[in-house]
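Below is one structure, written out as structure tokens; comments come after it.
Labels run A, B and C following the written order; every chain starts at residue 1.
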Amino acid sequence: MTKYVIRRVIQAIPVLFGITIVVYSILLAAPGGPTAKFANNPRVTLADREAFKKSWGLDQPIPVQYCRWLGVCNPDGQGLGVFIGPTGWPNFLPEALSGAKNGMSHGDFGVSVTSGEPVGARIIRAALPTVILAGFALIIWISIAIVIGVYAAVRRYSFFDQAATIFAYVGYAMPTFWLGIMLIYLFSGPGLNILPAGGMTTTRLSPPFGSDEYWVYFGTKPIEALLDVGRHLILPVFTLVVVNIAGDSRFVRASMLEALSQDYVRTAKAKGLPGRTVTFKHALRNALLPVVTNIGLEIPFLFTGAIVTETIFSWPGVGKLTIDATRDFDYPTLMGVLLVTSVVVVFANLIADVTYAFVDPRIKY
Amino acid sequence: MTEQPGGSIPEINVEEVERRAEEAGVDYEVQLESLNQWQLAWRKFRKHRLALIGLGILIVLVAAALIGPIISPFVFNNVPKPDVAVYAGRGPSLTHPFGETGGLQRDVLQLVVNGARTSLLIGFSSMAIGVIIGTIIGSLAGYVGGFADNVLMRIVDVMLSLPLLFVILVASRFFGNGNVLLIIVIFGVFSWMGIARLVRSLFLSIREREFVEAAKAVGVRDRRIIFRHILPNAISPIVVSASLIVAANIIGEAFVSFLGFGVNPIYPTWGNVLTNALTFIPVGNWWWPFFPGLAIIMTVLAVNFIGDGLRDALDPRSRA
Amino acid sequence: MTETIEVRRVGSPPPAEVLLDVRNLRTTFHVMDGDVPAVDGVSFDLKRGQSLGIVGESGSGKSVTALTIMRLLDIPPAEISGESEIWFDGKELLGMPIDEVRKIRGNDMAMIFQEPLTSLNPVFTIGDQIAEQVELHLKVKKKEAWQRAIESLKLVGIPSPERRVKQYPHEMSGGMRQRVMIAMALSCEPKLLIADEPTTALDVTIQAQILELLKTIQERTDSALLLITHDLGVVAEMVQNVVVMYAGQVVERGSVNEVLIGPRAPYTMGLIESIPTVDKRGGRLSVIKGTVPSPFNLPPACRFEPRCPYAWDLCRTVAPELYETDHVGQLARCHLHTPAGESRRKAAIETHEDAMDVGRGMSPRA
């Protein structure tokens, strides 16, 4: 098992490396580059721009820039010494060993060009709302999808099964942002107006979520604060659940049907086991194996998939951060977000594989 | 009737050997006469009720996209003088069956019909790009194998690990310039990975089958093996994936354009016509976002139904 | 659920010594292309502690018969005729509520399937899978059930059962898995053991071991055995009585010795003639010409008629029933055993005997 995990981690390294290259290339190829925002500013002279470039290391050859960004190269080093950190160990090692703290490998994503904050801090701040939103949605939709999928498979071709099929088709076809807009009309529009249309907290009641003042407020009125966030969660969670149940319930259904048609189910019946033991022990246990993997593959969704929903409901998460950064050409933030989310995907895949190996006794390591 | 060349040693006839090889793998191989094959497929397709409905919807949408803008009494760029009294727009009525938007008071039916052109164009063209790239890369990886396979599949791994919607959003914003063609290319180059994996795995499994070995044994060239023996078997799964790509790209484009990072609003799509719709929701203007969204749902449903129908129709193993 | 069957009128139970009595069993599958009469009027019985073989080609309905007895077919697509009866241990099975059937399944009546790999659940240990059944039927505690599972494994000759019981099916060889299946079937000491092609999926050397095991166990435990196979050799080794099936019908039944040495239905004759044996070396191996008829397009009268070397007009117009033959207790579905077939009967039997003798004549041992 340990060997298998190690092999799997080693396999992930070239992928991670490839991701850094792709992310770096995209932003390198982007028109204008980091100095674009000064281009039309008459008060910034050519000399100022050169000085800016030099201070950010943008005058160096691209591979050097890439290596520094990655944290493999030491910005102060010369010749082959660029790979050596201040303490004489390779630069990419953790700060405690190498003394270096530049680049991605040391968690240094640079500074946002719009707000001047460290990108790492921005991502961490945005991550919490995203994890809250997508986490709730994920738990709810997977539970519902399993129930729907299993029931539809057990009662195949029944009215329920056919209704679930239609729902899945329509749910799959529905654009998330459209569903969000329509829900806002239904529940926060001029008619009902019972739920907040967006945001994570009610502005006149509480300070913005995540700020220091918010946690003070949270400390004094925790129940009120939780209820407020809860109210704001309902519509975006509902949106995510509806659009994502579709595919997953089909997946569970297919997996369950597959399991129900297996010989061992017939054996279980032949042993005289009651129907529910046959279905919920022998078939379901097998049917859930691929579902576990699928859940693992959906974990990255905690970061990326909520982008649409977050935008519609002004949820202050990673999705909104990305869209704001895209709008403002905030390169360091975008690179940070892309890299962090890609790494999350790679690790989620890894965890999914390892979990599968763990739950399926047939997998040999 | 031709006379039998009694006693003489028959020459090896590649076509004949192929035919026999195909018969050996008969449950996998397509019929020889392509006309019959398509007729057969059409016969099976016609039995698929949902697929026919999907085809009907799609024909209506395409027709609307092509003819609608021409026969429509309204001109898209002709902005009527906003009537301050009806700032919130007007609901569906006889003259404007889908209502009028708030603000500029544009006819929503007009938006849907004009949007259909660009949205469908983007959905299908980007799918075509994705399928072509994916098939080429998948065939290369699957047929050549070895190092090339390894490199290409690692590239696929990397691409699939990227948060694609993020990347497309950023790429559209940075390189798209609101240009329809560039947006098509951007969606296309991020749509091929699934197809490539699929084609590669089909190559790996089909390559080992008897009829391909038989064809190789009599000296049939690689290119012929790929195009004549392997790719026809891959059509059915590719078609299904392609229908999913069309659906995903139409929805994706709508979202990107809705945010204002996609197609320039002078070319209406089902996404960019909604850019300001959210602002008018509090005044009750539901018809503005509703109908373009409905058009997206109908299109995606239609494309999925057709995809399902084609899968059954093109699968040589399924029977009508 | 679809598993219950409407109330049916039934005849009287068979005498106490008869464990299993199948009467006029008709199982039809309603599929897209039409109705398949998979089992069409099959009757036979099996006494306590005895053994019976059902022989036939694939598609002859022998497996469906077994699954019908176990009530394991999904209804629909399957449909069992209201006139069919299956008596087991004094109770009628087809009209029984499914909950009652469950008390019998795995307990009094156990089944061994063809594919030991796919028939065992891959995600549970074999101990789990055996103990589950023991706990359910014998109402014992988990620990005791596991102990019993170990004993069952020991009984079927699995070495170090204490260790094996904690293993998963994929950790064992094919032969071992089939032993596990047998152990599982035996764990509740069933009165009837149904084995559906138990050795088909196994290597030849393992086949012999498994058959030997089945035979010893059946003798030792006093359970009756219903063995389903396409292999006449297996039948000859394993059972006392045999039922030969063709296209959903019983074509011949009787004791193994009589049916194999003196077959009276032309189909059985052909089947026996086509077995390659050492005796027949150098002789011509005979085959039954033609193929099994499509279930959608059965011959109008006798289903074997198109392939039968002795068929005449009557066989194309009147469906034969099971007739008494010159061997007491041996029945054959063939007009040869009616007065109308009297003249042809002798010729047919002689031809068969000659065919077998020719083979023997060639043998150096003869």
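One rule holds in what follows: a contact is a pair of C-beta atoms (placed from the backbone, for glycine too) under 8 Å apart; a residue touches a chain by one contact, two chains touch by 3 or more.
Please read all numbers here as calculations on a predicted model, not as lab measurements.
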item: Shortest chain-hopping distance from chain B out to chain C; value: 2
item: Chain nearest the overall Cα centroid; value: B
item: Between chain C and chain B, distance of the C-alpha-averaged centres to the nearest whole Å; value: 53
item: Whole-Å gap separating chain A and chain B, where each centre is the average of the chain's CA atoms; value: 27
item: Distance between chain centroids, defined by C-alpha means - chain A, chain C (Å); value: 57
item: Chain C partner contacts - residues on chain A that touch it in the complex; value: 262-264, 266-275, 277, 282, 285-286, 289, 360-362
item: Partner chain A, residues of chain B touching it in the complex; value: 154-155, 157-163, 165-167, 169-171, 173-175, 247, 251, 254-255, 258-259, 261, 274, 277-278, 281-284, 286, 289-290, 292-293, 296-298, 300-301, 304
item: In the complex with chain A, residue positions of chain C that touch it; value: 1, 70, 72, 99, 101-107, 110-111, 113, 115, 118-124, 132-133, 136-137, 168, 170, 181, 184
item: Chain A to chain B touching residues, read off their complex; value: 14-15, 18-19, 22-23, 26, 29-31, 169-170, 172-178, 181-182, 184-185, 188-191, 197, 300, 303-305, 307-308, 311-312, 322-323, 326-327, 329, 334, 337-338, 341-342, 345-346, 349
